[in-house]
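Note that chain A is present in both complexes that follow, paired respectively with chain B and with chain C.
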Partner chain A sequence: MSKIKNKMLKIWKVIKDFSILGKLSLVMLVLVILMAIFATSLSVYPYDFSSGDALMAPGNGHFLGTDDLGIDLWAQICYGARISLLIGFGTAILAALGGGMIGVFSGYVGGVPDKIIMRIIDIIMVIPDFPLMVLLAALLGPSLLNVVIVLALLSWVTPARIVRSQVMMLKEQTYIKVAETYGASNWYLIWRHFLPAVFPILAVNIIRLTGRAIVSEAGLSFLGLGDPTSKSWGLIIHYATSFPGIYYTNFWKWWLLYPWLILTLVVMSLAFLSRELERVMDPRLRIRA
Partner chain B sequence: MKHNRIMKLFEYGLTIWIIITLNFLLPRLLPGDPFLLLSSDNAENEEIVMTQEQRDYYESYYGLDKSMGEQYVTYIGQLIHGDLGYSIYYKVPVSQIILGRLGWTAFMVVSALAVSTGIGVLLGSVSAWYREKWPDKLLFFQMILLSEIPVFLIGLMILFVFSAWLRIFPLSGAMTPFEDYTSWWDQLSDILNHAFLPIMVLSISQMGGIYLLVRNSMTTVLQKDYLRTAKAKGLSQKRVIFHHALRNALLPVVTRIFLSLGALVGGAILVENVFAYPGLGRLMRECIQVHDYQVVQGIFLVVTIFVLLANFLADTVYKLLDPRVNDSGKV
Partner chain C sequence: MLNIRLKQWTVLLLIASLVVMLPGCGNTQSKSEEENNLANQKQVEVIKLAGGDWGYPTPYGIYPRGPGSRKMALIFDSLVKTDTDSNLIPKLAIEWQASDDGLVYTLKLRPDVKWNDGEAFTAEDVVFSYNYQKTYPTVSAADFSKIASMEVADPQTVKITITEANAKFLTTLTGFMIIPKHVWETVTDPNNYQDAKAVVGTGPYKLTDYSKELGSYRYVINEYFWGSEPKVKELKFIPVSEEILAFEQGDVDRISITPDVLDRFENNDEYEVMQYVTTWAYRLYFNMNTQPEFANVTFRQALAYAINRQDLVDKIERGAAVPGNPGVLHPTNKLYNKDVEQYPYDTKKAEELLDSIGFKDTDGDKIRENASGEKLSFMLLADEGSARLADLIKQDLSLVGIEINVQTTDTKSRDARFAAGDFEMVINGSGGGEDLSEITNIKKSAKATSTTAQVIGYNNPEVDRLYTAQLNATDPAEQLKLSGELQSIVAQELPKLTLYYTNTIAVHRPKVYDGWSKNTYHDDDRENFVAD
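Up next is the complex of A and B:
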């Protein structure tokens, strides 16, 4: 119990160090996560079914208005939070785990496997990633899982590089050498020493990757490559921009503006939060306890 | 020295080969029936059931009955001749469509590269000169903010404000349709009027990175002894900044410009769709909607090879500009 309390206090201390912008970002993200969890009870109207006239302006019960099928926009945005966050976190965790493993392996084993992995990383880094994402998503077909796989395939490179350089530094440390002479197996070293040591950096990277993934998914959905059965924020934007002549009408002022706003706020919050954490965790600023 | 240059060339060659092979393998290995796509080319997605005879006929017509190895050789041979396949929707060779649209994208990307570099270098120098004073702090904050907003969200915002709300700029396209231009100047100004917002959006998205780089590199240079000497000699501030500091600080910027091309192309695909600009990105979306994946693959191939060439050029140019750079990669 006191252990949990200690952890909480530690987290609180980190948060207290945040700038105003960092705190605001955190609040924003917590709100959106709550929105995603309680999506179904936050809105009186269904997210997938017509509940009013088409293209109603905000007001009259639909407080963000309705789209061209008369579906409540607030309900869609609440439900879209689920999809967008799911894709974001799913991709980030998958990429960080995969990339982290590859990084540990590459850094610890070294030699020829390391060289091969580094060449592969070099090659992936020079390929422009968005066109490749579009091609893969188009060929794989639209589904939530496919989008996550495509995004994760193209974003494991950064965590792998970060972890690799950390592990290369760590493996020269005396305590690792000692553990090795006591006969610690590779798995033991990875689980007990390397992963705990690289975890904080990986965690910050996960936040950054989440933001990237949400943006990339929105981009793919915007191009019409999203999963039509699960409407993310990007897909709402896609449908709105596909509406002929939407800018000549007033409809864009809610149908397009609100999904755009929430997407921008969330992505910015994630970016600023990872910036804050990077600053707080910077070893040059951190005081060793 | 020479050995390393050849290694680099080999590495780029390898990357291009992997891209081409990937492009060949992906549609053949992934699940999906090529004839399902072929038969749904009339956008209504109506599926035509084929008899076995028809299937066999089409398989041999497209060479799909041959072994993978044979198909691969044919594919490479076609690529060397510039043949990217045939569009099932537009009913013309893919290379022809891409050539028709390439100009618009290239125009946009190159202009954005120039604008973002110009403004980024200028603001970065200002920031470094006034380091830790208010102009620096203000600029730094704004640039971080701008560099964190994804490019297509900036695009939508600018479109909302300048085109949909204030109606200062046209909403879409690259030229006014059905316009009779009285002079070339009319035509040019119409094109620039349409291109202004997309180029601005792309530039904004790249500016932050260049600004931060220049600011850093300029700050380092400004602390050098030769700068103090230049100031002590009583040279004018302008001469110190442009002649002594900037020339030395710009070296890392050169590579950065070429390397940002990949991100710019990705951004251009999205921005073109925001502004309905008729480049390759727009073409990509159109072809996705009608399942014309031959064209999507062609665009991917062309774009990637251009970006790789630019990266290779960046490596070479950097070495030419800075004799201090040796091949171990240290500056």
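Up next is the complex of A and C:
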């Protein structure tokens, strides 16, 4: 019990160091996470079934209005939070863990495997990722899992590179050398020394990748390559923008604006949060600030 | 920026008021009375319309959709055409006569007609076209099944012998496009023949540019054209991403709009709005070959009760459509039978019908099961334009315990899968289908363009008999009666369910060009540019 309390205190200490912007971002994210968890009970209307006339303006019980099928927009946005966060965090964790592991391996083993991995990373880095994403998404077919896999496949390189350079630096530290001479196994070193040392950087990366993944998923859905049954924010935007002449009607003022707003707020919050974490966790930056 | 805008508007307003004032007051009245906009229209240099790739505009190169056929018909002519009242209009044939026994037709061809490359058009070309198209059917193949032979009587006369007397034989020739012998006689792979010579025709325009990638076409007047001078010298079909924007900037000269933006154009003198009630309809088809449930007529009737067609009209088209008639024909069709079963929206009735054929929900998952315990779950294929329509049908059917999974593809893939029978349910939108031929098992031509009964698995000899009888009926009263009977059966058995007929709202600038036809809502129809 006291262990948990200790952890909480530690986290609180980190948060206390945040700027106002960082704190606001955190609150925003917590709200969206709550929204995602309680999605179906936050709205009286269903997220996947008509509950009013087509394209009703906000008001009349429909807090944010309805879309072209008469489906409540607030309900859709609440439910969309679930999809978008699932994709965001799913991709980020997959990419950060995968990338982190590859980075540790590459940095610690060195030699030919390191060279091969570095060249692969170079190649993936220079390939413009969005066109490739579109291609892969179109090839693999629209499903939530495919979107996560495609996004993860293209985002593991950054954490891998950062972790690798950290590990290469750590490897030369005397305490590691000492541990090695005392017969510590590779696994022991990775678990005991390397992972704890790179974890803060990975955490920052996870948050940054989450934002990127949410935007990418929205982009794919916007292009009609997402999962048509997933009802993510990007999909709402996709349907709104494919409505003929939407900018010449009033409909965009709710149908397009609100999903866009929430998407922007979440992505911005994630960006601020990752910057805050970077500042708090990197002692060099902390001194400068 | 705002300042410049304001200035532009003031200048525009000034010009507009001048133009309105100049011809005097009497003009406004005569405008509403005039029957044909085209006759009073001065010739203009160029008209630009939204493009899109519909194939190379030869009878063989187009995609089997209206825009393709119309772009081809700017270049090619048929022998005869029918007007809106199904009367025959002369095109390349000017006179025709049937023999006493009705088996031989003699067609006199229009004299002094030239192909747009300068060669003379003769009866040889007509007979060649027939023989060639019998070997290689065109994309929208004409019905040659009743023709025994076609021969050249003299250079200006063609003699056609048919297998059985049919007073309406010539109407089957409206889709028979005449192609030049001197070009096509050496071509053995017409579907892939995309040479510049492939677009040699006798029609009012000739093609100068075509880009498949951009979906752009450019036509100019064919100086050898036999008919009256076209009112537009150059027709351009250009790629457009946002139609309203392109129209307001003057990049295109006419667009179709949704009722939501009608206000923007209706109360503005610069624009003229033309509204059309059309027979272009979305229809729902069931694959009875692969899904045995659909072969059950009670099941199809239950679906008709469960789908709220008025709601589709209200939501998807915001009222600019007419709910579908189960008897298939549009209420304005002169053969329309209003007494057919209408299947008003009634979920209770639908559920009763489903219960009555043993489709019940036995495991409590709110989805019914069929006799062998399989869930009633179907894949509904739709193109991007009808994806939202499919979503609403999914909702409607979920209320009566039928699960629908919507699959959307682009229009061309949908068409291909539809024609191949690769679907469980499909929404198809088309302007044809009013003549009911696609639900009969009558073989029309070597190459069917729209889906036929074989693909959906529907077969009713009585429907086939009535269809042929009403088609060949010469007495209008008789035809009305036979067609009425046919519609009753179709409404009863629902081989396809008409969801709704769309209305079209088109807007143009009368000052730029005002020859747009009241008979057709298609911007690219030749009727808009040439008085035939």
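Methods note: the second predicted complex is superposed on the first by the 284 of 289 C-alpha atoms of A that agree within 3 Å, B and C clash if a C-alpha of one lies under 4 Å from a C-alpha of the other, contacts with A are read in each partner's own complex, and residues count from 1 in each chain.
Please note the rule applied: contacts are C-beta pairs under 8 Å (C-beta built on N, C-alpha and C of every residue); 3 or more make two chains touch, one makes a residue touch a chain.
These numbers come from a predicted model, not from an experiment.
Shared-chain residue A:Thr264: touches chain B; no touch with chain C. Once the two complexes are laid over each other on the shared chain, residue contacts for A:Ile237 go to chain B alone; chain C is not touched.
Of the two partner chains, chain B is the only one touched by A:Phe272; chain C is not. Look at A:Phe49: by the touch rule set out above, it reaches chain C but stays clear of chain B.
Once the two complexes are overlaid on the shared chain, A:Leu69 sits against chain C while remaining clear of chain B.
In the superposed pair of complexes, A:Val126 makes contact with chain B only, with no contact to chain C.
In the superposed pair of complexes, A:Gly224 makes contact with chain B and with chain C alike. Here chain B and chain C are compared by how many residues of chain A each touches, and B touches more.
In the superposition on the C-alpha atoms of chain A, the part of chain A touched by chain B in one complex and by chain C in the other spans residues 224, 247-248. The residues of chain A lying in touch with chain B in their complex are 119, 122-123, 126-132, 134-136, 138-141, 215, 218-219, 222-225, 237, 241, 247-248, 252, 256-257, 260, 263-264, 267-268, 271-272, 275.
Of all residues in chain C, those touching chain A in their complex are 242-244, 257-258, 260-261, 264, 314-316, 318, 384, 387-388, 391-392, 395, 398, 406, 408.
Across the interface of their complex, chain C is touched by residues 49-50, 53-55, 68-70, 224, 228, 239, 242, 244-245, 247-249, 251 of chain A. Those residues of chain B that touch chain A in the shared complex are 11, 14-15, 18-19, 23, 26-27, 30, 32, 144-145, 148-150, 152-153, 156-157, 159-160, 163-164, 171, 261-263, 265-267, 269-270, 273-274, 284-285, 288-289, 293, 296-297, 299-300, 303-304, 307-308, 311.
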